[in-house]
Amino acid sequence: MMEQLQNQLIDWRRDFHKYPELGFLEMRTASIVADTLEKLGFDLLLGKEVMEPTSCMGKPGADDTRSHIEWARANGAIEKYIPHFEDGFTAVVGVLDSNTPGPTVAYRVDMDALPIYESESDDHLPNQEGFRSSNNNMHACGHDVHTAVGLGLARLISENKENIRGRIKLIFQPAEEGARGAKSMVDAGVVDDVDYFIASHIGLGVHFNHFVASNNGFLASSKLDVKFTGDSSHAGGHPEEGKNAMLAAAAAVSNLHSIPRHADGATRINVGELHSGSGRNIIPDTAELKMELRGETTVLNEYMKNYAEEIIKGAALMHQVDYEIDLVGEAIEAKGSPELAEILKESADNIGLTSILEDNSAAGSEDATYFIDTVQKRGGYATYCVFGTELAAGHHNERFDTHEDSLMTSVQVLFDSAKALTHE
Amino acid sequence: MMEQLQNQLIDWRRDFHKYPELGFLEMRTASIVADTLEKLGFDLLLGKEVMEPTSCMGKPGADDTRSHIEWARANGAIEKYIPHFEDGFTAVVGVLDSNTPGPTVAYRVDMDALPIYESESDDHLPNQEGFRSSNNNMHACGHDVHTAVGLGLARLISENKENIRGRIKLIFQPAEEGARGAKSMVDAGVVDDVDYFIASHIGLGVHFNHFVASNNGFLASSKLDVKFTGDSSHAGGHPEEGKNAMLAAAAAVSNLHSIPRHADGATRINVGELHSGSGRNIIPDTAELKMELRGETTVLNEYMKNYAEEIIKGAALMHQVDYEIDLVGEAIEAKGSPELAEILKESADNIGLTSILEDNSAAGSEDATYFIDTVQKRGGYATYCVFGTELAAGHHNERFDTHEDSLMTSVQVLFDSAKALTHE
Amino acid sequence: MMEQLQNQLIDWRRDFHKYPELGFLEMRTASIVADTLEKLGFDLLLGKEVMEPTSCMGKPGADDTRSHIEWARANGAIEKYIPHFEDGFTAVVGVLDSNTPGPTVAYRVDMDALPIYESESDDHLPNQEGFRSSNNNMHACGHDVHTAVGLGLARLISENKENIRGRIKLIFQPAEEGARGAKSMVDAGVVDDVDYFIASHIGLGVHFNHFVASNNGFLASSKLDVKFTGDSSHAGGHPEEGKNAMLAAAAAVSNLHSIPRHADGATRINVGELHSGSGRNIIPDTAELKMELRGETTVLNEYMKNYAEEIIKGAALMHQVDYEIDLVGEAIEAKGSPELAEILKESADNIGLTSILEDNSAAGSEDATYFIDTVQKRGGYATYCVFGTELAAGHHNERFDTHEDSLMTSVQVLFDSAKALTHE
Amino acid sequence: MMEQLQNQLIDWRRDFHKYPELGFLEMRTASIVADTLEKLGFDLLLGKEVMEPTSCMGKPGADDTRSHIEWARANGAIEKYIPHFEDGFTAVVGVLDSNTPGPTVAYRVDMDALPIYESESDDHLPNQEGFRSSNNNMHACGHDVHTAVGLGLARLISENKENIRGRIKLIFQPAEEGARGAKSMVDAGVVDDVDYFIASHIGLGVHFNHFVASNNGFLASSKLDVKFTGDSSHAGGHPEEGKNAMLAAAAAVSNLHSIPRHADGATRINVGELHSGSGRNIIPDTAELKMELRGETTVLNEYMKNYAEEIIKGAALMHQVDYEIDLVGEAIEAKGSPELAEILKESADNIGLTSILEDNSAAGSEDATYFIDTVQKRGGYATYCVFGTELAAGHHNERFDTHEDSLMTSVQVLFDSAKALTHE
């Protein structure tokens, strides 16, 4: 049976890999997830049932969403579920209730891909084996693996229902990339009844057959899109008639990077993209920035965000242009519960993985922190664990690839934790 | 006969309008010009015979050039001439020698279009009449008219050879937009034997049936493409490992605009475009600027350019990134010769135009100034005249259009000047 | 008699030179002027009678004013007049009414010195002759000469009353340096009855025995003092607790200099002084700027000033500091009345000076322009003339000195104009 | 005897307090220290014998040094020693050799004051008791206390010679403020024979009768004076002729604060002072900055310093001005040796102080770190301890004052450590 599951995990993973979908557009993926869970006997909660629309961040516009539905339909989405997802609310929650007393244990799985053009190199496995991306996006962070593992976990739970007490909740979240989707699920109350919460990730620098039970050290982060809008004018004829959005942007960039360091801990600022102007001889009337702030704590991130907003406002004022700031992603700090990490570590040790309890060195951001924080605040336990794997290239690289043997291992550890937690 | 010429002028103009070609890519246009001139009895000088390759500025790369040849072949270019133009040296000079003693009189015609998407509005004449651009470029500055007028002038001269003494030189120049092509023709010696030089333009704010014999006031100008290149790095994980090209660019933009004003006259600076970075969470490793300097005199423009180069160099040094500065266009100052303007004014008066001798208010730039300056320096006379027309919309606007009656008028004035000048 | 006047002019000038007083502190000077005019039979208007307090710009504080009174008393001020001047309103207007019908002709004289330490060099005439400044200020722009010439003119008028019709108004203005005092006299109505207005200056690059009847080309100008105020903090211990006024100032300086050039004419911007911070390891909580804007016209200067205020406001906002902007000086554009210039030129020609009618090349600023503008607007005539002299060193230089023969010449031309104008 | 010592400590401390001397100018202080040590039987090493001239940082110029000699002579300096100190090399090392085998134990004492005007408030003890500063400087960081304690320690050692083995080395260092003097003593080899090194400080936030045996957490730091030099010009007449040092400085300030954060730990940047320009209407030809960099480690501080130098160089280049960078102070990181801290803690516990072993929270900088680093590198032990006291106001405040009972306690702990260390 395990070999059969192993094959199915690989099939799932390769299928998702071939049809990558960006955040809030995981319509095909979500329809397959929903269909599989339903067939395995899970109760489904879909789309807006588990997402608060006003809490979505950086959601694509209506046009992009509509045109993606067509792509999804043409590429194997299961029509029956499309109506739930068609406005871009693509979350799926599957609940399996044992109808025996016991805790509620939740597992979070992310499903979205990245706007990266996948390598066409001969030694890139997905290319060799024919499951390279069929569009311009790519699963370059392993969320295809996560989704497959989530379904594998669902299958084991379904087939071993008698070993489970309490309730199992599988949370398939959209738009983890950019920290955009988790908050809408939290705000919809998805973890309000959860006693144990486990998020997991593949890779992240951990070796194959190694395991980190509690990956801490996430930086709180805010992602902002900023747009300055002025007036254009002919640069030779009437320079004084322009309202120069690029001058505002340049002042903003210089000054944003000069936000003072904070004595309480590490902070970060980056303006990652800046695009301004429409022609050499025209005073630029627009400037668009993609930026992010980070802080070792949520308070430090807020300090950065608040200061950044003042700088943007001041820069606009200086050159008399308008500005808009859109919050297109956000994550908070979080730290795993040691008690829960211990249980996961045991599960990993049981199947022979080399495991450590916690790692505090990470410097990335994750919106699973919203789930973790909410569960812990209501007295529950939560953690974010990492399954090691060999990587062909780093995360978000066009040649990113994982070791498929990690699929089965991940499913086993998670299933084992489900049993252990519901039998406490 | 005049009616027939009028019809031919319109046919030519509409044909060129429908097949607009960008600077240094005027292969189809130049092949038709060459063919027409040859049939009218002009001796031809083509491509590198009349262009100094090292003096071309802002020339498209080899790939763009090659792919345009295919377009030109598929859209009516005359194959016989293509070999002369296929490396993007698209100038045509036609010489008609009367074999009688007399001066050499040159007329300059520009042929290139702009990267503007032409209006599809119902009330846009080229759309109504079926000669709207067949590609994504547009003749939005009337160079289609200029080319047609140049050919009309050639025809009248050819048909009235007996009225001409000395030599007539018709200079069809590539890449006037961005001030990129004239210098290469000057440096190839095209006007080294020219006694009288006349450049002309349609429109530019002058009313229909009005004429300006000497349009002065051109600003000297340099167009620069600047590229800063640093190193990328993950903005959360290792901000210190990046070399931030955007910080260099922002410092450059702020400081470029703060180049001191000059007591000797007007100067201009504009960074019209800035594009930097590849992702929100990545330290930006590139920043590309399109900028221009201007000055009321060549000396003032040089002052601006020299200062700008120091700022760019210093900004790169500050953030330890590399930089490249490409000069992609340049024009100098020039002032028409009053003696020649008088003769043109008479020609215009003769056919009933309302004409003025000179206008010094312009604030644009033109590379015809290289021709003018060279001719004047060797003792000749030169001017830049303007034929008024009603415009549907301003120059470089997607709805730009001219009154076709101006075609004939322009040809007449220029032909009349040819007769007058060669009979002095 | 003329030789006696010449000696008196030199005495007056040397006395004023030895006791230089800064703007709004000309208490000793004004008391001597008032006393002299009164003795010559002029009616006096003093201090606030001819100054609108709210229109004074850049006026010293109460402490400086009070302590200067003591200096003035100790150095020969005439006690009787001190009460009129003791709050720093140091203007004197002397009116001589012929009681015959005729126009009102006004002459403006400025009296203030500069905060420059006068040269102690052996070849500096004031040092040789014992009239070098007795304090740390210096008459380095010739206002000592102007005051002496004004008194000389008063004497000739008084002694030749029978040759005058109408009324003569001698306006002794405080605080011309920095363009601070004229507006308060204009706003107090001092020239509301004036038909002809003549301001004059010594030197300014014009040769000895040369004369410019109408010196135009003054730039309109605004002088601003700007102060940013934030919070200090220990730079090592708590950088985040500071509100960094220097960062605001640096952003302001860079962006002020990048205010776009204006197509309508020349503009200027300078931040001439910047002082910020109190210690290497302390986040700077203050930054003080002394700056000025200029424009070829009043409208252009307003454009600069308005833009500058937005930049200052925006820079403060960016770094969350407070700001204050004080207008400490202002001048407008003005152009002399050709009709009046003609009359002055004749007066100059009459005594053998080499004179020209107008010079438009100046690039400085002057608040006499407020008088000129007001007189012209009510239908009168006004001009600003220059008496040439050899200069030992340029204006505002520590070795500035003038040729004392120019004193008599100046008085003669001005007196001649008074006769000519009142006899029209 | 102890009461007598207590009185002497107070006398010494009040005397030094009344005659504060800035770094490298401690001539009076050093002469009294030398005289006292000599009388107590110590061998003396003075001035350049224990200072490497080229390693002094931020040393006052020759004029300031010369004029201070006069002050010192007039205020009680002991003439005999002045020749050693008169070039501003004011270190004193006293060595007492027991001529028995044993380790060399060194104590470092700093002697310099701050350019702070001491409070004249009635409730400021030095004012009440008549030992307020007699000049414009102030011992506002307790170095007067340190010097008194150093002499008290010398006396106890001298009087108890029989209890000491090995050698005692008392290092009286100039110019600790600004981290300027220690390196010159280290480079002169002062601690090349030292086995145990102890620096101590009074106050620093530790309570009275409390003691910290190892105060770690010092940030490595570099102090730079930067000067930009350009050309002045009249801002209205010839703005283009200036080389604007303020524009360079403003660019430097903005960009210095934007040096990227470093993933390896905390960094700091501050431009604490900026002074530029000489008049409102003059293009500023100078700009002077006082700045400092810091890093949690010496490597991090070097990263900041190297980046800062590139920014300064680039900013100068941008505006074509010259620049000078002077290193006027520097400190490295250091961490106390736990073994030595244990011994000190015992000494403190012995006399009833409440003591802790180490404190890692500091965020200041200290050049004692050079001594510590050198001693540890050659295998010795070193620490920096703190004697608590009640403070009337914080360090570097004009009302700073300490509890005089701390004098005796400090001497006792240090003397006890000397006995303990030489008897191991």
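For clarity, chains are labelled A, B, C and D in written order, and residue numbers in each chain start from 1.
By definition in this document, a contact is a pair of C-beta atoms (placed from the backbone, for glycine too) under 8 Å apart; a residue touches a chain by one contact, two chains touch by 3 or more.
Since this is a predicted model, take the numbers as computed values, not measurements.
When chain centres are defined as mean Cα coordinates, C lies farthest from chain A.
Contact count check for A-C and A-D (C-beta pairs in contact): higher for A-C. With each centre defined as the average position of its C-alpha atoms, the distance from chain A to chain D rounds to 52 Å. Between the Cα centres of chain A and chain C there is a gap of 68 Å.
Residues of chain A in contact with at least two other chains: 237-239, 244, 247, 251, 254-255, 257-258, 260-261, 263, 268-269, 283, 363. For chain A in complex with chain B, the touching residues are 178, 219, 221, 223, 234-239, 244, 246-247, 249-251, 253-254, 257, 268-284, 287, 290-292, 294, 363-365.
Remark: chain C residues 254-255, 257-258, 260-261, 263, 266-269, 363 touch chain B in the complex.
Chain contact summary for the complex, chain C toward chain A: residues 237-240, 242, 244, 247, 251, 254-255, 258, 260-264, 283, 303, 307, 310-311, 313-320.
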